[in-house]
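Note that the chains are named A, B, C and D in the order they appear, and that numbering of residues resets to 1 at the start of each chain.
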């Protein structure tokens, strides 16, 4: 794989700039509330600026190639190097992580969750940003693993310290689950390393040599990676951490979790598991697809059983990520394109939904669906934005969600050569039914929360209606880019597809075209 | 007798390479100085002794560095019985630096209690001297002498708080079991001598299967010898002393025992395995495999139940020991030898830095809370954020979370296992992976206390950390972070460490 | 040579020593049992040394005797310490810490 | 057979045709503007909606005019190729998705209908919703709906069609739930969306199947993707498709049509959708949106033609569904008291006619019925709205709040009567020319049974409309129409008609009514079969000619087409074509060859007789029942058991809603969802907890057994051990040196023993 190495400083700067912010924050006295927020804001703006600059100088004509590649010695003894690069698959996710972080910071300017401690909160946020961005640019398995794990602790604390009632349980569960997955993943990485002759952890190198590993060995190694990534996604039997983590996490945590963290898993499949172990991927694909559609239906059913708004949105992630995984499991470039689009779209939409859930909680002091109602009369702007996101989430054509969902279903009709067509067509129909269920639970949610008349006991104990504040400036600032993104990507999906496609094609070369 | 006389007549005094022995000599000189000065120094100026001790250790680092830079890569003395090779130099560095950190940890602790300071420093330095010798010993006799030199002062250190029954208990348990274990080990050594007719490790290596195959005596000898050091590294089921001793001993001593003393055990184990037993791997490999799996698992599950922080760390360090044993369980497999050695050395380096950091925080916190309960860490982050963050870093490092030191250590261990490409290696790898998750259960519990729980007694006065403790914290933090983010540095030293004359590659 | 007899003697001493360590409660008796084991080791070493005709075994035995003396010294010191605090030298009384 | 090579005349085109894609874009922009600045406009954004609809109407008329010119420019046996423009929307993974316009007669026809009725309804709404608190939102949604519908109509590929389709669904949801403060409305909105969405699964599946099976062929022969409507049409008639695949795809697509067009058994949402404001019912749920399903069948007719074997022996799915729908919904209309629900069931029934026509190969009459039905049904709804707005005080209950209104509301009454006559198919109103044609053609194509169903439907239609007319306009005024005050249901703050009592509505309401009534009266003459072929303008302009077209990829949409023409063999003025009956040897077909029934007065007279009979019987019964309160009739349904059972069945809407809600949703989905959640919480999480618990158990077990038993057993020291265990609550590490020592040694001994055994 030939690579472009010009301007290779941008990625490192973009990734580690937040760490600089963390260092500065560390030096700030705790009491300097405004200064702390300012530093966090400036850092994330600067990071995004670097990201945007990266996107500007990105050579879209060669989106299939690694660009801005930097490679220096890191841990030469174990043949791992600091090897980073960006291609069309990474670019959208890389940028998304920066955008989401900035928006979360903006939102947090006004909404540092209880118990406060803005210094620690913003520091963790920025550490998270480095971890997320780094995962998307790492081209070395060890580097990938380090970044992949780097997000764990900050998220653990974010849930555990700033979360809801059962935050401690949720945070430990989240952590142990993910840790379990990544421990097996690490073993799989090592096995891969050894089986390719213990030469290098570089992903391009492994792509070149991974195909030669014996089939049954590939299957086992893939199994290890599968568990690691599937926990993060999360796929059906490994998903039970997600509702708890999402529900208990503070709004900001939920947003980041939904928008970026879940994508680390799916990204891992696309970037690592599939291209390096094509033979095993073929063997596993039907099972992944099966778990994906189970996830779609199961997540939807889970949603229907919820009484808590945030938990419902959390379960909807299981269903939506099912579509993403279905796209991936087809092993076709179209399916994977759809999957990556789905990741971005889900990031925007579900991130937005969690923002809204946070604002609802803040205003009504509850997320019990039965206690909410009439949002449109009390806070009409919030209600309409919520409606917009609901529509986007249920896959309305013309909004971003559709372009992740529909092509994924489409691709399942014709999976890659060698996969059982009948099985995937059954998956397709089930997934299509899933879209109805999605419409069902989302509209049902919307109907009960936004429509109707406000419940008397909804926000104050004494039955007295206080004037609820509609969407405020910080929220508007934080949300507008997401809303615009949902709309623009819905109308012009090619903006994204044209970037992803060459890279996906390049990735799938190992499958023989 | 006749024979003996002839031999005595032929005896030529061995030539001593003073450059090679310089680190030991410096430490020996330092401890004599401490012993003598203690007699003359006024009680109020005893802090001078800690300064002398620390400078002794730093001074001993100088010859270690010059030896590392000198052209002669291997210096062997006394008929190859005492060897200064890259492995021993790296480990000497580890011992001296961790000794230095222990001195930093001890000084404030000692100043506040009415302890017998002069003797404390003397014993500490003696034990360290034993460790330095252990790294270079390549003969059963010198290994035994080094072992006792490092152990006997440690027994006394454990019982250091004379009036405290817990401390007494710690010392007696440690002593009784330690002596018993070394007696068993000696019995094994005597059998080993019997079947190989040599106490020199390299000779043992070549003689042990010279008769072709091996008998039950071989197996008994090898197992008993290994048991002696398995006790030292507190491998399950030879771990029973460790929790009680760690809990009862003064905290700086516990730090010393859990880091330096354990590392010394591993040094001996590694030297024996690589120099003396490479050809009888079918005996020790399964043994160490079982020890490793048991140690990780039992250490973890017992740690989960602890309420005392030091006791919890004791079990944690038992389980960490299991991870160090992990690569040794496949060290005899073709192709895995050098990466196993690297993994062990790396693990010891990083574990030393991290675990000492944990103890530094425990010491700092207990200065305020005066409690050993895990719950005493409740709300630490709210009143002592720096300590809270540092403790989090150390615990996360122990749990093996990137980008902190611990992960690369675990990584290297796993790598060695998989490098062996054997089923047993893979199985142990999975056991290790599962255990690294379980371990987070108790590390996470402490983190939870620090970050998410209220302060138990509501006392949120900030903690004042004395300078020496702060320095220790600084050193360990920097090391933990640096080794994690740039693992190349630690790996570089680990990779350099080669045992001269080792048969396993 | 009566090598086997010496070795048997050493083995028996070793076993008695181990039994003593495990079964005796009195700390001093435990110490003595350990001495028994060390002496069985010495007998072993000397026997092998004589059989093989090398002096290494003798040397080793001398070292063990010297170190054993130091060990016993420390051990008795510790026992004394315990006795002062607890007025008992039963090792089983030292079980304050457990779990 | 004579193969005549001839160069056909170039087809004319024009600006309006070439730029027809602007038509949906205009409302789209208007929608965005209403959302953004609507509230600040003098008329709260409604003017933007109306203006955009007027613009769309003008463009549509222009396009229609130029399309007629284009048809006229073609020679008689020439295939009038649609004006197609396409751009690449996005591409990925070897897939290319286009966006573009596809204008042919069908598009133009529906375009005109949608643009015209949207315009009229928006004008009507200016008055009808005046003072509504979400006035702006209403116009925004209405405008967006028009944009979506126009997009769908003009779409050149299935994906774009899907986009328009879903936007319509969304707007339907928003508009039905416009007064969402009331639970009923929001529930109806939800129901409508979900029911349609169930059908949409079929659309998704169908589109996907067609794409994958057709793509290679369309790429090769036409250079378009498998989403292209033109490509799919040609592919379906090429003899290429596997009959099973195309059948499944057609069924899948038809399921979507069932949902959207309210066909049996998914029709239940449509009557509930009447919870929306009347203009919405008039626009979406009678004249335009609900015909989307019919439109889809007409649009992809070749696919259905081949896939479902239209014109084959016996019935096919479309006919059967259409036929069932006609009768069951007409029957339901009798038990409704709500005037809008009567009209809703009537709509369902009329959609059934359209489906029946399409299923029976009567493409042209069915499409023409879309056209005529739109006018008279929209008019009826608006008239109903006019009544509720100005007379019955927002009530739609005919029995309670209406009656005798013909004198109070003469314009409304007149337009209602015209539209009713059109609906019932009385000559010379427009319905006669379309509905009667459908029935006629069904019979002509050999489906006698379905023709009888059609006639029964006509009878029922006449009867229930007479009943509704009688209840509304004749007899004595009741309830609100008599001036009694009722609780104000909707929040029409500024506008309160209670003060004036029943009166005629204002010009903004009556003018659209008059326009629509005029069209209901006159539009039938555009395709007046009885007067000979020269009157069949619609057929000329709209029906695609089933000619074999030979065209190169490069000249796909060029005007000059070289056609290998089969010799015209005149049968009712049409050339016989192989299209649809066999595989064209060279070239492609875009439309199957269909028959047209020759018009015969006697047949028409029979159906007219049936209609009049229905009216007469219904009039008599209504008069006796509602005015005279004749005891023979009143309570008849309670007295006669057969009638009672039938009545109960009808009142309960055949229990279909119960089936869906009680059985399927409550009976199956909720338990499954709850079970799944239970599974999640108890089993999956349970496993996790069990693992955690077992880890603790293991640790406990290790304590009790490893640390304790082995130590105890090895050391003969049970007495002190028992004491120790008794003293310590939690069994823990014993803390005793001797036991530690025993453990140490026994472990070493066991290890040595095992290793000795395995090594020697």
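Just so we're on the same page, contacts are C-beta pairs under 8 Å (C-beta built on N, C-alpha and C of every residue); 3 or more make two chains touch, one makes a residue touch a chain.
Model, not experiment: these values are computed from the prediction.
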Closest chain to the centre of mass proxy, which here is the mean CA position: A
Between B-C and B-D, the pair with more C-beta contacts: B-C
Just give me the whole-number Å value for how far the CA centre of chain B lies from that of chain D. 76
Separation of the C-alpha centres, chain B versus chain C, in whole Å, is 25
Would you mind pulling out the distance in Å between where the CA atoms of chain A average out and where those of chain B do? 43
Based only on mean CA positions, could you tell me how far chain A sits from chain C in angstrom? 65
So which stretches of chain D touch two or more other chains? 703, 733, 735, 737, 741, 745
In chain B, residues with contacts to at least two other chains: 172-173, 176, 180, 184, 243-244, 305, 441
Which residue numbers or ranges of chain A touch two or more of the other chains? none
Can you name every chain pair that touches? A-B, A-D, B-C, B-D, C-D
For chain C, which residues are in contact with chain B within the complex? 7, 10, 14, 17-18, 21, 27, 30-31, 34, 37-38, 40-41, 44-45, 47-49, 51-60, 63-64, 67, 70-71, 74-75, 77-79, 81-82, 85-86, 91, 94-99
Flag every residue of chain D that touches chain A in the complex, lowest number first. 88-95, 159, 162-163, 165-167, 170, 173, 177, 180-181, 183, 186-187, 189-190, 193-194, 197-198, 200-201, 204-205, 208-209, 211-212, 669-670, 672-674, 676-677, 680, 684-685, 688
Once bound in the complex, which stretches of chain B touch chain D? 172-173, 176-177, 180-181, 184, 214-216, 218-220, 222-224, 227, 231, 237-238, 240-241, 243-244, 282-283, 286-287, 290, 298, 301-302, 304-305, 438, 441
Can you list the chain D residues touching chain B in their complex? 695-696, 698-700, 702-703, 706, 733, 735, 737, 739-741, 743-745, 747-748, 751-752, 755-756, 758-760
Where on chain B does chain C make contact in their complex? 3-4, 7, 140-141, 144-145, 148, 152, 155-156, 159, 162-163, 165-166, 168-173, 175-176, 179-180, 183-184, 186-187, 189-191, 193-194, 197-199, 243-244, 247-248, 305-306, 311
